[in-house]
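Have a look at these structures, which come just after this line.
In the two complexes that follow, subunit A is the common piece, with subunit B as its partner first and subunit C second.
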Partner chain A sequence: MLGEPGSLVGIGSPMTAVVLAHFLVGLTILAVGVRVSRLAVSSGVVVLLTAFIAMVALARRDEEIHETWTWIGDLGLTIDLRLDGFAVVMGLVVSGLGALILAYAAAYFDHDRTFNRFAGVFVLFAGAMTGLVLSADLFTMFVFWEMTSLFSFLLIGLDDRSEKARKSALRALLTTGMGGLALLGAVALFQVEAGTTSFAALAESPPAGAVVNAALVLVLLAAFTKSAQFPFHFWLPGAMAAPTPVSAYLHSATMVKAGIVLVARMAPIFGDREFWRWSIVVCGGLTMMIGGLRALKQNDIKLLLAFGTVSQLGFMMILFGLGTPSLTYAGVAHLVAHAIFKAGLFLGVGVVDHTFGSRDITVLSGVGRKMKWLAALAVANALSMAGVIPLLGFATKEKALVGLIDSDHYVGGLGNIALVVVVLGSVVTVMYTLRFISGTFGRRSDAVDSDVRHRPGWLLVGPVVLLAGLSIIGGLVPGVLGDLVRGPAKSLDAAAKGHLVLWPGVNAAFLTSLGILAGGAALWRATRRLEWNRTIPIDGERAYDVVYESVLSISRRVTAVSQTGSLVVYLVATMTVVLAALVVAIFWAGDLTVDGLVIADSWQQALIVIGVCAASIALVIVRHRFVSAAMLGVVGFGVAVLFALHGAPDLALTQLLVETLTLVVFLLVLRQMPRRFDPSPSWVPRVFRLVVSLAVGAAMTLFALQVFDARTGTSVGEEYAVLSEPEAGGRNIVNVILVDFRGFDTLGEITVLAIAAIGVMNLVRMAQRQRRIEAASADEVVA
Partner chain B sequence: MSLAYALLIGVLFATGSFLLMNRSLTRIILGVAMIGNGINVLIVTVSSRPGGAPIVGETDTTDSVPQALVLTAIVIGFALIAFMLALAWRNWTIDGNDIVEDDVEDRRVARRKDES
Partner chain C sequence: MIGKRLTVLDEADRWLFRALMLVSIYVMVRGHNAPGGGFAGGLIAGSAFVLRYLAGGILRVRRSSIVNPSRLIGLGLIVSAVVAAVPLLSGDPALSSDIAKISLPVIGTVKVVSSSLFDLGVYLLVVGAVLTVLVHLGSDPLGDGT
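Up next, the complex of A and B:
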């Protein structure tokens, strides 16, 4: 524990305590059950609020706090938490929005059997996400990263009776799980190459080279899957099968930002690489465009927002990925603004859904007239998304445009490409924002006004009011947020700079903003009546389905071919693999010469070997059971004599004893069976079996010749020889090993014998009982 | 290493594998025993050249550790064979033969390829 004792209610390691508190409460909610759902929500909200307050309190101390827990010290694996500015901002978003949305959920849900699970997993997720943003190294981040994937899976599949929900959950899990594996790969590569995965240590002396570049590709892969970047963007809209509060929290405000957080941490260290910038701009740009264009096609307003989120994630990816000082600043600011307006929009959609029983643009009509206040608030959030002055989204997007316009002396021509992409993406954003507003709240001439089914309570409307209020007030006095995020941006990159203003004056960025708004509005008017039938040819979802289905069908085919049910086929397969491995290993060694090869060590040895070989071959040929058993006996006794000749008297004695016993047991059993083996048909042709056996024999001969004298160190036996008499008081070293040095192994061996004996006894008794019954019934028949 | 040992190991493994790939459980058990012998001979003979017994005071002794391992293996091998023989006998009292049948469950799984 390196952490300074925190002042917060006397807890030594406040960050760890906060994270653990989430897990504790979450698990308790899951364990306690359904009947106390109100209590569950309250305790969850209390934990999240506590986290929020703790975060504020810790941030006010104006110093970075570190908490380190050694896990596996030898491997350098530690759970390392650090509270810097960026962690504070993200942590406040996670806990603040979490508390708000959990309270909202209490009113949104019917308190059915899934509600308790929702509340429990929700709190667990909040804990994992808090841990993720506090992570001071890549390894810790990976641990929490995987947790968030798992909890997201549970929440998407909350309605476990719906096949669609289960499928979407699995798709999200597999996609983000793949990214998780990539992240693990990156952790391993960094650990090997740089000896650390700590962000601070990497920043201090950034490693370079091919391995590091490979690690960075893995990092990008992880970030792109988690933050739904092209070509992995398909899982996020599917994740909207989850209830609206889950979508608002995990799949717009928090979890999908994990990839952005990762890129934000890495970009200041490694962002100067060309391939990094290009992949970010290309993938981020495509994501921004595809997300926006697909949002334009949606009739379900929640899906519209989901694709809008995909688009916005691409936008933020570009900001953080390019990582110039002013873009990093704009990125942090927009991250907060986006979390506020997108969560507000989702919650607004939830209220509409709850009140009117539909989320379909083609069904809803006149919502704006029936719920003027809600409509006004949702529109405020939507306009913040489109970047309309004087809302918060305007100030942050303005800052991003300024940063992009100035970026060419950091990143050259790429900055201009990024600028064009962002402008086009923003035009589409304006278009789908207008589609959202008019579709949700407008009146349709061809439809009757929707009916109010349930009046929303204050708990449903409250969070929407609060978030819309933040969008509006934040927009009017953007300096407040601007000052708040300056420290956090600097904690990512010391050079980060900037400030947010309400009225930037007429400059290039402002004119671009106006152009975007005018262009978007004009295009929307021109195209709103068009049916968007043309599908975009690049469809990640279908690609995923094809890959998924082919993996399943290939595995079924392999099973059908390999799982024949025939023991011989399995054996042949096993032996072939062992054979191949042996042959490869033998020839890999290269040197096929054998030192000190003799025909035989003595004439007795030669004689016995000839005899044993003859008996072995006879054993295969004969079909008479007793003769087979006798031949096995001959082989066993021959081996015993060989042991004696070799200088292993203990082995010889044991082998003699055991071979005698084996023979007795064989005879006892075979006595009852037919004298000859049936010429039973085999699954595999005789010739083939012969070839495989001969190949195995040949390979083993080669192997024996190769491994002889392959020893490079000295044998442990020499140590035992020295210790044998003084330590154990015995002169026979083999005996001393068995009963003293490795006495427990012998105990295990005796246990195996005992278990085998019990098994044999029971099998025999079962057979005897069956015989008695059969004999008795036979008597009855006779009688 | 003597060529005689290497050949013996080869023969024991070849005959053992051949017996193992059989329908008769008794011959399978014989195969297991043969392969067991082969492995024991392999471990003892490749670890050191022939020499004196590993007893304190002897000169030019063989290695004691592989012998301790193989001694255990011989005993465990006996337990295995006794148990398998009991199984064979039980099979015979039920079916009147000691034939290893195809696994019906495996066949059923294999046929599932058409379903999804």
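Up next, the complex of A and C:
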């Protein structure tokens, strides 16, 4: 249970309420069904807008809001939410874009059977992502992190009838799931080493040492997988199997930023380590280059944008990972700018796809002429992506360049490497932006103009207009965003500083920007006619496939060896282990003498034991299965009588009933089996089986004799006997133990019983279906 | 159905089935203070169905069980788990038992222990499990009818 009862959802804890509201609405949408899809979307949009407004209102309060729910206090595990500046920015992106994209999706999708699932999971995801950005400690972040992976899996695989979608979903889940495990490892290491995973506490007294470094490697691994950094970048383009609104939201604006958020939180605390900086620059740089270069090869404009996102994620990883004061500021600003222009581009592609029925550069032609307004808006967003003045992307990228040029004060020569990588990456960005614009909206000489199939409604175009408007207005008056993100940047790192301007004046960064644009445009003109056939030799996707396939084939081989399906082999193996354990236990005790051995309490007892022994021998010797089963019953009934003689009526009663029913079940099964055992059932030699059986029997007997007088403490039975009546209100101590003292055991046992019964049911049904199919095909042959 | 119908079994089933069901409930209820309990009671009820099966075959068993056996399993598990979890609401450890004395007219004072309800869940689950196994292993190889 979380926290004090009664105050879980209240005005006292607005952030918890916001997150829970998402989950409540999301689950309700999933539960209610498809018939009210309009209502589902509306309620989802309302929840996201409420979250947006709540976030704005909370951010205007003076005090920093902090909510903590103890989960497992003994382990120091708490759900800890804190609304600092950075959380506000990310939260606004999550809820604002979420509301916009969900409304867009209502017009984009056919309202078919998957739509409801989309809307429900979408809102659930928004809740998890909001929780993630609000997380004040690593553990809380881990919980929401895993939720986002799961919801992303469900949304990528939304079209569950497409094999490609299912495969991509699984690939994304396994990759980000691996990162999730790494994050859990980091949580454990920090908890053990520093006693806390809270970002604030870690920042106050940063721990150091080998364990902390190991934890940081795990943190980087988690961030790199989640944010599609090289060499884990391959899952993101695969995730484009998801519908466009999903791609726009999860796989460009929000979820893939989770790794960036993690790095942004950790870099001010631990970012001064060499291995941290080098991993960030190397992996981030490679991601930026590879993403950009592969974007240049794409004909599907959605995939082109996806690789563009990979490239941009590498860029942002460098900004936050190096974590100098001005780079942190530039990072927050660019995070917002990227969320706006990339979501706008994806939604624009969605409109083109919806209207013209294609996303292929080699098919689309003349789109720009037929939809001038849409083209203009998409071009505005695209130019913001390329960093063209006077759009928002220019201001933020310029800030990043300024930060990188200055960064050698902080990080030495590595700053120059990062600068070169970012400049090269930006040149490629300009190139794929031009490819996107000309490919989507230009005219092809070798193709007829595409036809308008469906006119897009205002709900489809509206969000694109809004986002493009933000890119343009934000670019013209960048100071507004610049002021808004200063507080958030300072909440990450108190030293963070900077401001955004439209016209920076002619300085090194501005000239670099111009150089990037000119270089990118020239290179694109020079290479646009080239076919990009050369593949990049380092291919994470292929590596993933190899690992995945070999894990499967290894487990298949291990299964083939260890699970032969032969009952004899299983029994011999089990019994040999039991034998070894018994022998060790007996000789460990060392004392092989037995005191006070009584042969028999009474003549009845002796008689029954002799009968049981005779039945056991008979059951092994006879060749009829039926007789064997009957002998087994005799053994069981004999034991029941022994229980009764010893004054254990409960045990005797239960044993009697179980034996009866077991015998009946045996008979039911034996109806369908050969009457006799096979003459020589298996390749485990008869002699060997005999030796194992006899040895187990002998060892068991010795063991029983030993434990007979091995007790040194008092029996728990006596305590139970005293407590039975006053504590549990029962005089039958056996029953009281079952339902009260050891009730958990009973709960576990009946669960096993339930599973066993369901297992029998399914086995029988499978066999019946198989036989019906065989019978049917046999009939066909006869006919 | 296995073999021919036997009058002896038919009559035994007719008279004994209800008696066995009553006995099973009695054994379950008295379990807290005397030999018995939910597990034994459930097995007795299960054997009543076995008798019915031997007398009248699978169809008669199906006709006489009101609910789907596998639902009975789920119901039993839910009852037990809920009874186990209820004390958590008042901050006690799971499975803490509560004793209530209720005075009824004619019968007098009856002591009710919450763990008896837990036993009821065990009873339902065991009946469900036995019935499930019986219905499935007892049906014909093709599973399509008698």
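Rule of thumb we're sticking to: the second predicted complex is superposed on the first by the 556 of 783 C-alpha atoms of A that agree within 3 Å, B and C clash if a C-alpha of one lies under 4 Å from a C-alpha of the other, contacts with A are read in each partner's own complex, and residues count from 1 in each chain.
FYI, a contact is a pair of C-beta atoms (placed from the backbone, for glycine too) under 8 Å apart; a residue touches a chain by one contact, two chains touch by 3 or more.
All figures in this text were calculated on a predicted structure; none of them were measured in a lab.
After overlaying the two complexes on the shared chain, residue contacts for A:195 are found with neither subunit B nor subunit C. By the touch criterion stated above, A:457 is placed in contact with neither subunit B nor subunit C. Of the two partner chains, subunit B is the only one touched by A:693; subunit C is not.
Touch counts on subunit A: comparing subunit C and subunit B, the chain ahead is B.
In the superposed model, A:738 lies in contact with both subunit B and subunit C.
In the superposed model, A:665 lies in contact with both subunit B and subunit C. Within the superposed three-chain model, A:628 lies in touch with subunit B and out of touch with subunit C [touch as defined at top].
In the superposition on chain A, no contact is made by A:412 with either subunit B or subunit C.
In the superposition on chain A, contact of A:747 is made with subunit C only, not with subunit B. Contacts of A:566 after superposition: subunit B is touched, whereas subunit C is not reached.
Under the contact criterion defined above, the residues of subunit A that touch both subunit B in one complex and subunit C in the other are 649-650, 654, 658, 661, 665, 669, 672, 731-732, 734, 738, 746, 753, 756-757, 760, 764, 767, 771. The touching residues of subunit A, when paired with subunit C in their complex, are 1, 649-650, 653-654, 657-658, 660-661, 664-665, 668-669, 671-672, 727-732, 734-736, 738-740, 743-744, 746-747, 750-751, 753-754, 756-758, 760-761, 764-765, 767-769, 771-772, 775.
Contact residues of subunit C toward subunit A in the complex are 2, 31-40, 43-44, 46-47, 50, 70, 73-74, 76-77, 80-81, 84, 88, 94-95, 97, 99, 111, 113, 115-116, 118-119, 121-122, 125-126, 128-130, 132-134, 136-139, 141-144.
Subunit A meets subunit B in the complex at residues 552-553, 556-557, 559-561, 563-568, 571-572, 575, 594, 596-602, 605-606, 609, 612-613, 616-617, 619-620, 625, 628-629, 632, 635-636, 639, 642-643, 645-651, 654-655, 658, 661-662, 665-666, 669-670, 672-673, 677-678, 680-684, 689-690, 692-694, 696-698, 700-701, 704-705, 707-711, 715-717, 720-721, 724-725, 731-734, 737-738, 742, 745-746, 749, 752-753, 756-757, 759-760, 763-764, 766-767, 770-771.
Contacts from subunit B toward subunit A in the complex involve residues 1-15, 17-24, 26-27, 30, 33-34, 37-38, 40-42, 44-57, 61-65, 67-68, 70-72, 74-83, 85-90, 92-94, 97-100, 102-107, 109-113, 116.
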